[in-house]
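What follows is a short report on a single structure.
By letter and in written order, the chains are A, B, C and D; residue numbering begins at 1 in each of them.
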Amino acid sequence: MFGEIKGLNEECGVFAIWGHKDASQVTYYGLHSLQHRGQEGAGIVVSDGDKLSTHKGLGLVTKAFKEGELEKLQGHAAIGHVRYATSGGGGLLNVQPLLFQSQTSGLALAHNGNIVNANGVKSDLEREGSIFQSTSDTEVIAHLIKRSPHPTLEEQFKDALSTIKGAYALAVLTEDKLMVAMDPNGLRPLSIGRMGDAYVVASETCAFDAVGAVHEREVQPGEIVIIDNDGMRSQLFSKPADRQICSMEYVYFARPDSDVDQINVHTARKSLGKQMAKETPVEADVVTGVPDSSISAAIGFAEQSGIPYELGLIKNRYVGRTFIQPTQELREQGVKMKLSPVRGVVAGKRVVMVDDSIVRGTTSRRIVQLLKDAGALEVHVRITSPPITHPCFYGIDTSTKAELIASTHTTEEMREKMGADSLAFISIDGMLEGIGRSSQDKNCGQCLACFTGNYPTEIYEDTVHPHDKVMNS
Amino acid sequence: MFGEIKGLNEECGVFAIWGHKDASQVTYYGLHSLQHRGQEGAGIVVSDGDKLSTHKGLGLVTKAFKEGELEKLQGHAAIGHVRYATSGGGGLLNVQPLLFQSQTSGLALAHNGNIVNANGVKSDLEREGSIFQSTSDTEVIAHLIKRSPHPTLEEQFKDALSTIKGAYALAVLTEDKLMVAMDPNGLRPLSIGRMGDAYVVASETCAFDAVGAVHEREVQPGEIVIIDNDGMRSQLFSKPADRQICSMEYVYFARPDSDVDQINVHTARKSLGKQMAKETPVEADVVTGVPDSSISAAIGFAEQSGIPYELGLIKNRYVGRTFIQPTQELREQGVKMKLSPVRGVVAGKRVVMVDDSIVRGTTSRRIVQLLKDAGALEVHVRITSPPITHPCFYGIDTSTKAELIASTHTTEEMREKMGADSLAFISIDGMLEGIGRSSQDKNCGQCLACFTGNYPTEIYEDTVHPHDKVMNS
Amino acid sequence: MFGEIKGLNEECGVFAIWGHKDASQVTYYGLHSLQHRGQEGAGIVVSDGDKLSTHKGLGLVTKAFKEGELEKLQGHAAIGHVRYATSGGGGLLNVQPLLFQSQTSGLALAHNGNIVNANGVKSDLEREGSIFQSTSDTEVIAHLIKRSPHPTLEEQFKDALSTIKGAYALAVLTEDKLMVAMDPNGLRPLSIGRMGDAYVVASETCAFDAVGAVHEREVQPGEIVIIDNDGMRSQLFSKPADRQICSMEYVYFARPDSDVDQINVHTARKSLGKQMAKETPVEADVVTGVPDSSISAAIGFAEQSGIPYELGLIKNRYVGRTFIQPTQELREQGVKMKLSPVRGVVAGKRVVMVDDSIVRGTTSRRIVQLLKDAGALEVHVRITSPPITHPCFYGIDTSTKAELIASTHTTEEMREKMGADSLAFISIDGMLEGIGRSSQDKNCGQCLACFTGNYPTEIYEDTVHPHDKVMNS
Amino acid sequence: MFGEIKGLNEECGVFAIWGHKDASQVTYYGLHSLQHRGQEGAGIVVSDGDKLSTHKGLGLVTKAFKEGELEKLQGHAAIGHVRYATSGGGGLLNVQPLLFQSQTSGLALAHNGNIVNANGVKSDLEREGSIFQSTSDTEVIAHLIKRSPHPTLEEQFKDALSTIKGAYALAVLTEDKLMVAMDPNGLRPLSIGRMGDAYVVASETCAFDAVGAVHEREVQPGEIVIIDNDGMRSQLFSKPADRQICSMEYVYFARPDSDVDQINVHTARKSLGKQMAKETPVEADVVTGVPDSSISAAIGFAEQSGIPYELGLIKNRYVGRTFIQPTQELREQGVKMKLSPVRGVVAGKRVVMVDDSIVRGTTSRRIVQLLKDAGALEVHVRITSPPITHPCFYGIDTSTKAELIASTHTTEEMREKMGADSLAFISIDGMLEGIGRSSQDKNCGQCLACFTGNYPTEIYEDTVHPHDKVMNS
């Protein structure tokens, strides 16, 4: 659930609200509940009808916003954003929402996703004299809006969206209008809810629960939703397509209490675990999950197999963003920071270890080793996603293809490398079944690109992988 | 497990090591694994044989120690300490270990527990001209050692221990000696392990796993263990008594992967859950535990009852020490920071909510409300400790008696107040059974004072409750 | 000299270097010597031939750059900037140099001065789709460069300069070129020096002394100087005009050890003091200057008049940017933070108090009061600039006209208000004489706009006073 | 005046007040005016009659105390302290006032000076069981007070003072009493003033001017002054001796606007300069002083000699406590941080450079070099103190004897080393004359130990030089 241990990183969470007198405060709590989607920085832009105001900060929402700073952000509408932790780059400049002030009006954007033709569009814009302060996709969108010859902001926004390709869940705020949009394939999640009379929009529905709002519906692929003093209205800026939402949202990213495209994440994960137990059963004494994202699946595996579920691995809750790394020497002596095996649970036992995915394979190897060191007789690894063999260009930092162990190793080779007694991945059909989609249906509703290489959009020659950008969004 | 949601707070964790060239680094990782026992501050004192050096800081271990600071703490022996988060008081002065430098030698102390006759002893010492820089019990012990007329440090230490009453797991470091001691009733946990040739001592065995050490044995009630260049030796400074270890270590404080007095905490908690299912069964659709400390018990309850275990409550992992509190108005609209119900799991269901204890009752009431708001048809609360009716004087901050709801309300009154459909506490015998103690045995091995008011030590008129001190230890 | 006590604030200092392997380090020390020109923030952009890198920070140079940060700025060419302290606005976004990265190249700008037609130009640019991230004039220049249809950077730069009106000493850095430019009236100072083989450029020559460079010449009005691997070359982008450099640089802003347009500042100030003693002599016992900017003039006044020069006022060196202001009540009891009279020097004496300028008049009144409270029998105020009656639009924050006491009061009214026994301002001719210019010459070489209202450039209707901008440069 | 450039460091400033409703605020401003006596840390202890409260911080007063912290320090009496900047050691623990809380009352101490028999006394105390948390002399005094068998605090204080030897200007605060004391030789300054009905005490009288108080008298050698609700009274705890106040207070440490032992410091310094001009006249074109401490003397030298006084050296006002040091290579290229020559003033001139003292000689050499590099034809160094040949044990950090260049070199050798054209020190008689003391009088009123080696107190074998202590006071 939280990317700290993984080689897989979600990129950002978006929250927006219209029509609430404490818009910035509500956004703060909404962003806090989306914190698992990004920990590098957080920002809020608020409108009071006359002007936009903003505050941004590095680190967690609770660090970026200190007492008193919310009070300065007065207004009835706001958009907010949490950014995921890139290794080095970034800094405050890259924290969203981006706010562009002209002499007459302001424009703020918050974006989750990745624009695959950003480089080409940017080159065109630069040739015409545009200046960029960042390498962010989001800034490209702002320029496209401002350069559009259309007379109204809504038209300009649609014009801009017709130029960009890729994945986006976008929120745009001006002094008198909130607009949100979803890419034509619906690759990233974005939901609409109501909080009393106010409208709220969020990357995940857990944010609605956090602020006491009620979930109403999903933003649809290719849809723009406009909210202003006349209420909410909707348009399609692109011909309707079948949704292909990112499968890893169910498997790994989203919070268990969120409903993604109307499917509860905990329930989906539990089904994935059950499905695995059916596909690749194993004789064992205990089932354990790698915290936090695989707990639900482990419970499902246990329920289906009849093998008791136990806390076999404990995650240290206090691992923050900065700590002193153990030296190689101490690591070899067994010093560890994040994950501990529960000796009393696994010693002398045959353990089923349920995990959600394998990226580079190093984490899995380390966990298998932990369990064996703690006395596990056998470790059977069950992965609730199919092998990841292709990079993602839609907003997930999965490293390059060469780094994806499943693209260069067979399952048996991986098993051997990680020292497991058995290793199995869920099948693609099994995963779809677990999530609740019909694999029979040509349009299964899910993006499977990282498992199959069939990307739902064109991929340009100079498509930039998020990993290679100074600033992702 | 982590005191953030509770009205119940553990007080401190101790780690010590002798005979390792990277003593301060190992202590850092050891303390990190004991972080759940205290988050206010952390400190390390290290000896290189000639002198003692120290660094302390406020906040989590990873905040208190920044890159480079460990390198300055060179030596082969170290003691470290994590302090629990008091609301206001404290500051850097109160972070342990306390280090006292005389012109010829140094003396460092790290303490978990509470001295019940501290005030009286202190008055005596002040009358003789002693100056105290804090209100800490630990400083009292240092003065007693220094004032002892005995010729050797070991004798002085025993002399000091013979004066103090209460609960203590103590580690003392000088340039050439590490000494640890346990109070005669063995109220707090303290274990000894080996890490290669080095000796390690820790409040919980999870610290041994974190540093790759092997658990060897418990420090015994009334025992002093001395470790120096001649190896390890032991003495009893008090006549042997039966151990009466704090029951709440099993129920709430310790990490599930620790063995406390040779009993694994996760396993004990699971048994408590099973025991509850036997004692007070209920018809329901799902079992859920309040994270993190009640997860194990909920799994046990589910296993025993056959009702499926689910993640019905999600804890926000990013709640730090400081954040902006929602206004009353927003709270009433449903804004929450810490705990979210999983609507998809509990809506339309009869829910068994397993929790570990009730102190003031406010948290339980809030959680029941959360579940009902998320659509739970019924909420059946099962508490895996007996009603807490008496304050603790041995190092746990349980508030005063008047604030303990169970000391003034019947179970039915409490149930009504919290809006639950049923409420049950485990019986004392059931708890002992769950932990694995025989209740038949007069000396059950557990301190039950907070349930019974039978305190294992004398309680003095001016015994200070930890809650009322500027500085606890 | 240092704007802390004054209502008069210089706006920024610029430093640049080409051809030194430690370009960023040298810039750091150069900026440090220009610190009196701006204390809000500091930044450096460095080129290694391939790319531009930057670091910026708030506060003094020594705060903005911490150990290790300079090492990351590797390259042989750099530009740097210090910003003056606005009351509230600004923040890191506004710290210069501004750096604009396109996909193919970077462009960095550091600017001292003020563009008087910035608003109009900006409106034009926004209508064409330009997006601004700040309200800075400097960003306008960057857009003009990028939008210029000319094929080379030098042509584009000249094109941009032909559009803007006002005062500017500009430094522009790309990967392979350093360009500096001076406005056609030469309103602000900018000098060129050599440091071994390297070229250095600075707002004041004191920066050359600070880094061991040798002063060579001034950048001329309307001149662009280009420095790259082919050496240094120069062009005029505007028809030659007579220089009209800001008079207040001599009177108040520049450091005494700087030569401004080839005239040493200390020497000029001393002459101003002598001139005053000739114009408005007075019978007195001691001469004292308001530290630090009026010390030189006071020495001159003493030398000319034969009245001994004394330290009659002491400035507290430790007044930083933030401190707790005394309450009104304490202020009335005599509590003061910045300036103390030397009782032993002024008590029972007739004091000549030399100061450089009067803006709102409040500071002068306070100082006269201080001296009287310390026992001065008489206080004769001598001001080494003529009355300031008009606002400055060229980069100095002199408040609005209404706030300029000399625009609404006679000298006698001002004397009375400040409680002085006599008050005299230097005459315009006397000031020119003191600085060493001939007042006979129609083109005296100095801008006198703030004394006469004769502005050397057009002033647009919407010319923004620096005081009213979020971000000055 | 400010120790930043010197190898000579004053140790601490003391401020106290009784009977003012804003006691802590007034102390803040008083300490701010004493900032030149210590920049490492600052602290205040306040009494409201019932209890003592404190706040301390590292760095300048304005950094140590942030908005709001003074408001928490409510009370009518306070003592405060500023500490001088030791190279490494210290930290918050060492910032004074030290506050000792017993169960019944508090005791706070602030100390300027050095106890020469501290080590011996401390050993005795430790043998009796005293525990020290620092190596501070001040803590020794607290222990002596607490251990004294006398019945009243005043008696206990006198008892403690009778044991210690050395230099001290001390302020002690309890809930209901303020006591100040001066060592029997009166080595350090301490003055008493009135601020309305309130009593104020300060190391220098400039603090009285800063808070609007009136200077009344000096604390006398061997005197204790007690101030409480019954008013002020005084006792001698030691037989009256002639005062021997530190000569360097006049020459270097004190602020020019202070009166030390009733002599104005600026006036004394000016006389020292005149005296030098008489003793060792020289043909030259300009006189300049090393800022800030030698400005007054340079003015005197100029006045006496008829050679014009000029600003030949400019000190960068923005050199803070931390900055990035130039590399050796850059230093050789002429990069400098602190002091700049005014080329226009010294080039082609014969310069008299007046400085106050020579400790290790390195600073003087560097300044002579600066002036020559800027074109000075000749540099004649005039030092307004006699050669410092012996270390100080009374609170000044003059390095050890071996480091004092005058103890191992003749004047001619020193001249040669520093590259000056002439070098002269003031004579001891000349210095006394300049300060206004009669050298005829056996008891000249001044401590001359650092020039003569005649220490006014016993010096013990284990007397600790301030330089060698972790914590000075």
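The rule is simple: a residue touches a chain if its C-beta (ideal position, glycine included) is under 8 Å from a C-beta of that chain, and two chains touch if they have at least 3 such contacts.
The UniProt protein names, listed by chain, are A, B, C, D = Amidophosphoribosyltransferase.
Bear in mind that the values here come from a model prediction, so they are computed numbers and not experimental data.
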Partner chains that chain A and chain C have in common: none
Farthest chain relative to chain A (centres taken as mean CA coordinates): D
CA centroid of chain B to CA centroid of chain C, Å: 61
Inter-chain centre distance, chain C versus chain D - centres from mean C-alpha coordinates, in Å: 36
Pairwise chain contacts, counting only pairs that touch as defined: A-B, A-C, B-D, C-D
Residues of chain C defined as touching chain A within the complex: 92-93, 100-104, 119, 122-123, 126, 128-133, 135, 142-143, 146-147
For the chain A and chain B complex, residues of the former touching the latter: 2, 22, 25-26, 28-29, 32-33, 35-36, 39, 60-63, 65-67, 70, 195-196, 206, 209-213, 255-257, 259, 264-267, 270, 292, 295-296, 299, 303, 308-311, 314, 316-320, 322-324, 326-327, 329-330, 333-337, 340-345, 374
